[in-house]
Structures are given as structure tokens and as C-alpha cells.
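Below you'll find the structure, written out as C-alpha cells, and then a few comments.
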């Protein structure tokens, strides 16, 4: 079942990769239908970010009036980190949560964009993730642009894409200095045991691996501490929000 | 003054065919008893507004053919995946349902504009996304206070009727709702607001309870419907009925399966109690 | 995380000269202890925003020369009539204070826009009144959704610091405030929010109390200051101190009278307790 | 002290005149620093309008979050009646609450417009009142237009001025049909014992009394029931909001 290692699942690796990105004292938001980021935020808080403030949609003790006050906080720059995903993610981190195929008569109608068309612009650091990494999920061109990773200078956009995280690796937007590639996602780490050419084979957009030439390091596997925390305290907390996910992800290991 | 305390039937009588009906809730706190009554009363051509990410609340109304247009930000069955009728109707050629898509924050902003009595409101983001092409009524303006900035505006939403499920109402019509459902602003944006509640309590009790408070000034009708969110959850009182949701998904796979479902759970039960009995009453009491 | 529970002095240290300072309250629930500390700390050139009809809160700050611009909708001492320093400074030739006038609803709308992170917001009315000439930043737009309608927009207000007085804070920094003071939206609009409270209670107690709740997420600092609204009232706990207000009005009639007042009640008392003793402690306990 | 009658005060008469305008089932709003309208609303509720809904700023049990939610209700048309006043009121019911004299260096700086610049446009029926009736308070031209009684057709304005009420009489806007006079205030009733020419002498704008020729009727004096209710139950309720006013107005009679 598990292509990476028998000792942890792909979801667990992804959760750890995301959790490591989070910093102490940050205000971290997690949207709806997002068990993996919710677990990552809880894991970070249990480990390196005890003073982080987490707002997880669906959490018990929601302090805001509706989601409205939370989105207002987000619109005025009060959320430091947010997680987004896409059924399709392109080479620049633009995302599609709407349709596969033509918008007016799609092959697959997806649930819709939720908050991403505003969140992507307004949270300081955006962590893109995708729980499955198949070639079709990473096209050169999206069928629909639910949200975009960059904007014209005339659009207020205090946010930045921090990276894309999948079970196969970590991708970072190219530095602004490299003219032609500015903002294009580059594979910076592979998952443990995964080779770069395998990632390219699973990715329809061009990772331009040849261009860099340097060998691509592996990201660290989940540590014993991370796994114990995840399967212990985090699983218990997550169960209150995502009972099905918590049961399926952590119970069978 | 007429009483605010109505039966399910009386309450749904306030909704006319073709009206704009707003509904909150998702796999938590959906006003399912009110929604089943809408279907039972054969309401059609509704313009449905889903306040926040929607789920089986919208999906059931789409499946039962009550909806002509639907304004929403996301529709899925949460941990149970795709919403079957939403998906079917939006994938099908020449379907009669029109979708109007919003981002969650812009949808709540539009409802806030409705609550404020203003015709439109600026929102962040959106510019450069495909929302701007599928929503020609989302407009891009030069910020009058900063000529170098473009900003999106969205039109206000003012539903004719809002329906939602809440924990309690007191005898004066004040309501205690779940804090994550935007019901307070929704009630203000809507011409009429119908609330189903688990419990009727005294004003003193309601004042001591914790949650989102909605003053009677914003409430048109209260219907006392214990388990009125079933099969969605009412956090702290009952959990989601997984068995029923799986049954719903299974039934929704075929036209006849869904017809049977509607007959068994919506049209055949003589009232909400009869529905509950059929819908595995013992299980939801866990 | 640093503690939210500060002393008066520590809290007012968060305010820098020249900042935009918002204050709520009028002859009820004005944060007078915080205001006296602002004066004691010799803060100057403040851009004062009065959230809702203001009273002695704004008047005292104007009298003590802390204010450069003041945004407001109405300033009076309620049943005690004109606010003496407001009136004097606005009638006087070449006074250093600039007034920015709003209608009450448009002022709250502007603060709501600040809370929503948007640069401006439409409001009804205003067009055809002289507000449109004294506020060139109130603009008239063609409604993009109705070419035959003109509508006014006002710019968002985002104060650097908000100060207000409330009933209680719990040990986690959640606050219970008076329901008619707009403090919840003010706290959201402001970069930092300082709240003085009558009482510190447990989270359980706060949940059971009645009033406007402000989550700790919107609160920067809490200062425990019993009688912190004196001489204005704290409804349900103490009434307005009529004797003190009359004394204030009398003292404000002359420059030396007001200097004496400031010395006696603001600069001389070593702390809030000393102030209270001097300000007829026994009377306000009625 | 009392120029009209020894048995009731000018304030009491004004309160009764305003109260009689209010209808059962109406939603009635009263702004801040407004003891006379507050008393009128409470009196109407105690007499002919038991099902009226009153929202009086400063009342105990305020149901809204701040004044903001109340103003929002007002902006979306949820308030049927509201009371406004002015330091100056002109012949068309335009009001000045800002300054006497020049705005930039006024002779008298007044407290300011409060909600009137929006309320006047958005509440269905506006009752103008003035507790004192002196010539200077009713000029042909205002020193500052805090709010206006009519608007261009391009301004959303569902409201109408119902009338002006002072201790000397009742004034109604002329019907739209009479072209030249449309909206101009006409004296329709004098206070008991007051003659029309006395009202004109106390009013700087032209009442055009000669034009109509018809004699102007007196409005009814406060009835025994009105006065008893006002000095009893209403005074008690008003004391919670306007203690000084309630004491001064009702205790000494």
C-alpha cells in the first residue's frame, strides 16, 4: 500500500513536511475539508511552535462570529500562514478547484474554490499541498484558474507562495532574480527514497531538472518524535474535527 | 403581534416558488428538517444561496429539483467526498440549474453588504482569477483612494428567506446558534428568517448559554424541531449519522434509488417524528 | 507569548505620539482612567477617532491638548449640554485641532470597512448634505449595478490603537463589554486594542455573563481598573458622577480653572486609587 | 414659566403631539440625546401602539451589537419612524446641527450631526421636532446643511418627512401637487392657545399664512389619560435612560 516506507504513511510524511514549515508565534489558519493541514498545524504547535495561534475551521471553541469575522481578520492581514490545495496545480502554483475539462460542461465538477481566491492573496505565507501526486494533477495549463500565485502590481497582495508539498517532494518558487523562471516551481527536495526523475515522471509540467544539474537532496523522514506526537496527542485533537480521517490515518499504523 | 412559534408547515409556507432562499450549515448544523419540508411542499425554481461551504443541505435540494439557480462557494459532503447531485447536475448537458460561484470570504462579504443595506462591497483578491470571467457582476474598480490600485467589488445578497438550524430559542424568539455558521449576519441580510431549534428555553437560560446569539429582532419564525439537523451533526448534542449519509450516497447513484430515498425519508413520513423513526432514531441518540 | 495583563502605564506606553487613537464611550462607559493616563504620559498630536457619539472622553483629551485631528459624529456632554473644550477649540480662530466629521452610521461603516480589510465602503444618505463639501474624501459614485443611482463611499478607518472600558475580562483575555459601544468591530479594525475592565473573572464566569463579547484574538492588552469609567457611568455597576461633571464644567470655564482640574485629577494623583479618593470616592459608590 | 397653560408643560405637549403620530406595529427608532422623542415613543407604546417595537439608544436590554447593527437595520429599511431635530430648521425641513455662523470659524459650534445625514434618507417616516420655538431657529437659509429633507431622483431615498412639531404648532410639507410649494412646510395646527400670526412672529421663514386664508385649527391639548400615563409609567421608564430630564420634566408638575 505504501510506496515510500513501511514505517509511516504518505499522509504522515506530508503532515510532517508541512508542520516543519510553521514557526512559533505565527497565526496559522486552516480551511474546511483540510485534515492534512489541520494535523500539520497541531503537530507544529505540539513541537516547535507552542505559541502559534491556530484557527482551524470546525474546531471546538471557535472564537469568531461565523466564518465572516475570520475572513475579515484574514483580509486585513491578520493570518500569517494558510494552506491551499488544488485538483490541478500548475508550474507557477496557480490552482484549480473547480472543474476538470470545460467549465460549462465539465468532465468532473469539483466542489469549488472555497476561500482560495482571496486567501491566496491575503495570507502572508501560503503553503500549497497535494495529498496525491499524479501527473494529471500537475498540468502545464489549468482547466480553470480558481486562484493564482501572483498578481499585477495594481492588486493588493501581501502574500507569498512558500512552497508546494506533496508525498513526492518539496517545490519552491524560483527566486525573482532568475528572470525567465521567476516564480516557477523547482523541486528542492524529494521525499525519502524518491528520485527526481520519478517525480518528473509523475508531473506533467516541466521541472527543468537538467537545467540545474545539481543533485536534489531528500527531505528528512518523519522522526520518531514527530510520529509519536502525531499518532498520540495530535490524533486525539484531530478526531474532534476530522473523526474519519483521524481514524483512517493514525489507527492502522 | 403574530406568534413567532410556527410548525414546520406554517414556516415553510412563508417561502414562495421562485424566491431567493438562503441556507447555512454543511455536514454540521444544516436545517435538514426545514429542507425536507421545502421538498415535501414542492417548492420550485428557488434561487438558493449557500452561506459558507455547503453540503447535503444544498445537494438534497438540488437532487429534489427545487432549485433554479444556486450561489455557492463550495459544495461537498465533507469527509464523505463529492456531493452527488451537485456533481451530476453540473456535469450534465443542458441542466436546468445555473451556478453562481463565489469565494467564501466574498460570499460572506456580499451577505454583509445585504445586512448593511448597501448595494455592493469591495473585497480583496479575485482579480486575475477566473471568477472574474464567470461572474460578470464581479467588477474591477480603480480604488478611489489610490489610483494605482484595482479592487474587486461584488453585489450585495439580500435573500427573501433564510433558513437555519440552531441550538435554542427562548420564549421571546431570541436564538442561540453555532458560532461558525454566519447566521447572525444572514438573519440581518434576509427579509425573513426561519430558525429550527433543538430546544425552547426561558430568556434567563438563553442568556447563560454559550454560542452565537441572534436577537429576536432578526428572527421571523422559530420552529421547535429536536434532531432538526439530522443526518448532519449538531455539535455537542448529536453526531453526524454516518450510516444515513452512506445510505444517501448509495441511493443517489441511480434515479430510482434516489426516488426511493425521497419517498422514504421526505414524502412518506407523516411528520418529523416519523422521519426520525425511519432514519434510525436509535443510532443518532448515541 | 507576552502577558495581556498590563498596568495603566504599560498599556499607555503602546501609544506613540502622532498615532491614530480610537476611543469609544460617551457619558456611559468612557475609558476615563486610560484617558487620564494618556494625558499624564503627555501624549501629543494624536489623531483621535470617536467611535459613536462622544462626550467627556473626547472633550478632556481636547482640553488637555493631546489631539491634532479628531474624527467624530457628535460631541456633547449628554444631559449636561455642550462639551466645553470641543466647543472652545472649534470656535477659536486658528486653533491647532482639525475636525473630520462623519454621520454616526457612516463612521461605524468606515470602522467596519477597517475591520474587513477593505479600503472603502458605500453608505446611504450623505449626498446633498454639506458633509460632501467638508469631507472631500467622501466620494459620490455611480452605483456600478444601477447606472441611475449615485451613492456615497467613505474611506476605511484603521486606528493604530483603540481604547475602551468594559465590564470584565477573563484570565485568557476575552472581554465582556457594554452592548451599545461598537467595541467588537472597533477591536477588529484597530492594530492594537487596550481594554480597561472592572473585573477579572474565570473563563467559565465570563461565558455566563450577558453583554457584548470580544474574543481575546482581538484584544492586545487588558488593564484591571475598577471604576475606570469614572466620572462617566458603568451601567449596572455605578452611575454617572453628576457632582464631578458639574465640577468639570465649572473648571472648564477658565484656563486656570481647567489647569487646576488637570492637576488635581490627572497629574497630581499618584495612581488611579489616589484619583478615586480625590474624586469623591464615597459618592460614586451609591 | 409656562406660556401655554398651567396644567402641562411645553415639553409635555410636544411629547403628546409626537406620540399621536406613532402607529401600532411600527418599528420606532430614537437617537441619542433625545429625551422628548424617547418619551413620545414610550407614551405611544403605552397607549395606542402596544405592538410597536421601540429601539431607544441608551435603553436597557439593547439587542444589537453596538449601534452598528442598529444603523445597518436602518440602512436596509428596517426602521419605520425616526425623530430628528435641528438647531436651525428651514422652510423645507432641512436641518443644521453643526454650527451657527461660518463652518470654519463658527459663532457657535454645535455638537454635530449624529446620524441625521443618513437617518433622514432611510427611515420611512421622519418626525422633525424642536423643543424651543424661536425665530432664529427657523431661518430662510441654513448656516450648514447637516441633513436634507429631499433628494435628487438618483439618490436612494425611501423616506418622507411626516411633519415638524414644536411647542407652537404642527407643520406639514406641502403636497407634491402644488408645484411651487412642493415640500415647503405649512402650519396645519397651532398649539392650544396659540394664534397663527404669533407662530409667524416666532419663525423667520415665511409661513405664507395669507396664501391659504383658511383659519388654522388648534391641536388637542394633552388629555388627562396622556398626562397621567406620561407622568406615571412613561416617566418611570424614561428615568432609566434620561434621569435628569425625567426628574425635571415630570416631577415638578
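Residue numbering begins at 1 within each chain, and the chains themselves are lettered A, B, C and D in the order written.
Assume contacts are C-beta pairs under 8 Å (C-beta built on N, C-alpha and C of every residue); 3 or more make two chains touch, one makes a residue touch a chain.
This structure is a prediction, so every number in the text was calculated from the model and none was measured.
**Student:** Between B-D and C-D, which chain pair is linked by more C-beta pairs in contact?
**Tutor:** C-D
**Student:** Centre to centre, using CA atoms, which chain is the farthest one from chain C?
**Tutor:** A
**Student:** Between chain B and chain D, what distance separates the C-alpha centroids? Give it in angstrom.
**Tutor:** Centre-to-centre distance between chain B and chain D: 43 Å.
**Student:** Provide the C-alpha centroid distance between chain B and chain C, rounded to the nearest whole angstrom.
**Tutor:** 39
**Student:** Please work out the Cα centroid separation of chain A and chain B, and write it as a whole number of Å.
**Tutor:** Result: the chain centres lie 29 Å from each other.
**Student:** Identify all positions of chain C at which a residue touches two or more other chains, and write them in rising order.
**Tutor:** If we look for residues of chain C contacting two or more partner chains, we find 109, 112, 116-118, 123-124, 149, 151.
**Student:** For chain A, give me the residues that contact two or more of the other chains.
**Tutor:** 63-64, 74-75, 122
**Student:** Using the touch definition up top, name the residues of chain B that touch chain A in the complex.
**Tutor:** Residue list for chain B touching chain A: 26, 28, 52-53, 72-76, 78-79, 82-83, 86-87, 90-91, 93, 101, 103-106, 108-109, 111-112, 123-131, 134, 148-151, 179-185, 212, 235.
**Student:** What part of chain B is in contact with chain D in the complex they form?
**Tutor:** Within the complex, chain B touches chain D at residues 1, 114-118, 158, 174, 188, 215-217.
**Student:** Going by the contact rule at the top, pick out the chain A residues touching chain B in the complex.
**Tutor:** Residues 31-33, 35, 57-58, 60, 62-68, 71, 74-75, 97-98, 103, 105-109, 111-122, 144-148, 151-156, 242-245.
**Student:** Considering only the defined contacts, which chain D positions touch chain B in the complex?
**Tutor:** Against chain B, chain D makes touches at 25, 51, 53, 63-64, 69, 72-77, 122.
**Student:** Show me the residue ranges of chain B that touch chain C in the complex, using the header's touch definition.
**Tutor:** So the residues of chain B in touch with chain C come to 109, 112, 116-124, 137, 139, 141, 143-146, 149, 151, 153, 155, 207-208, 210.
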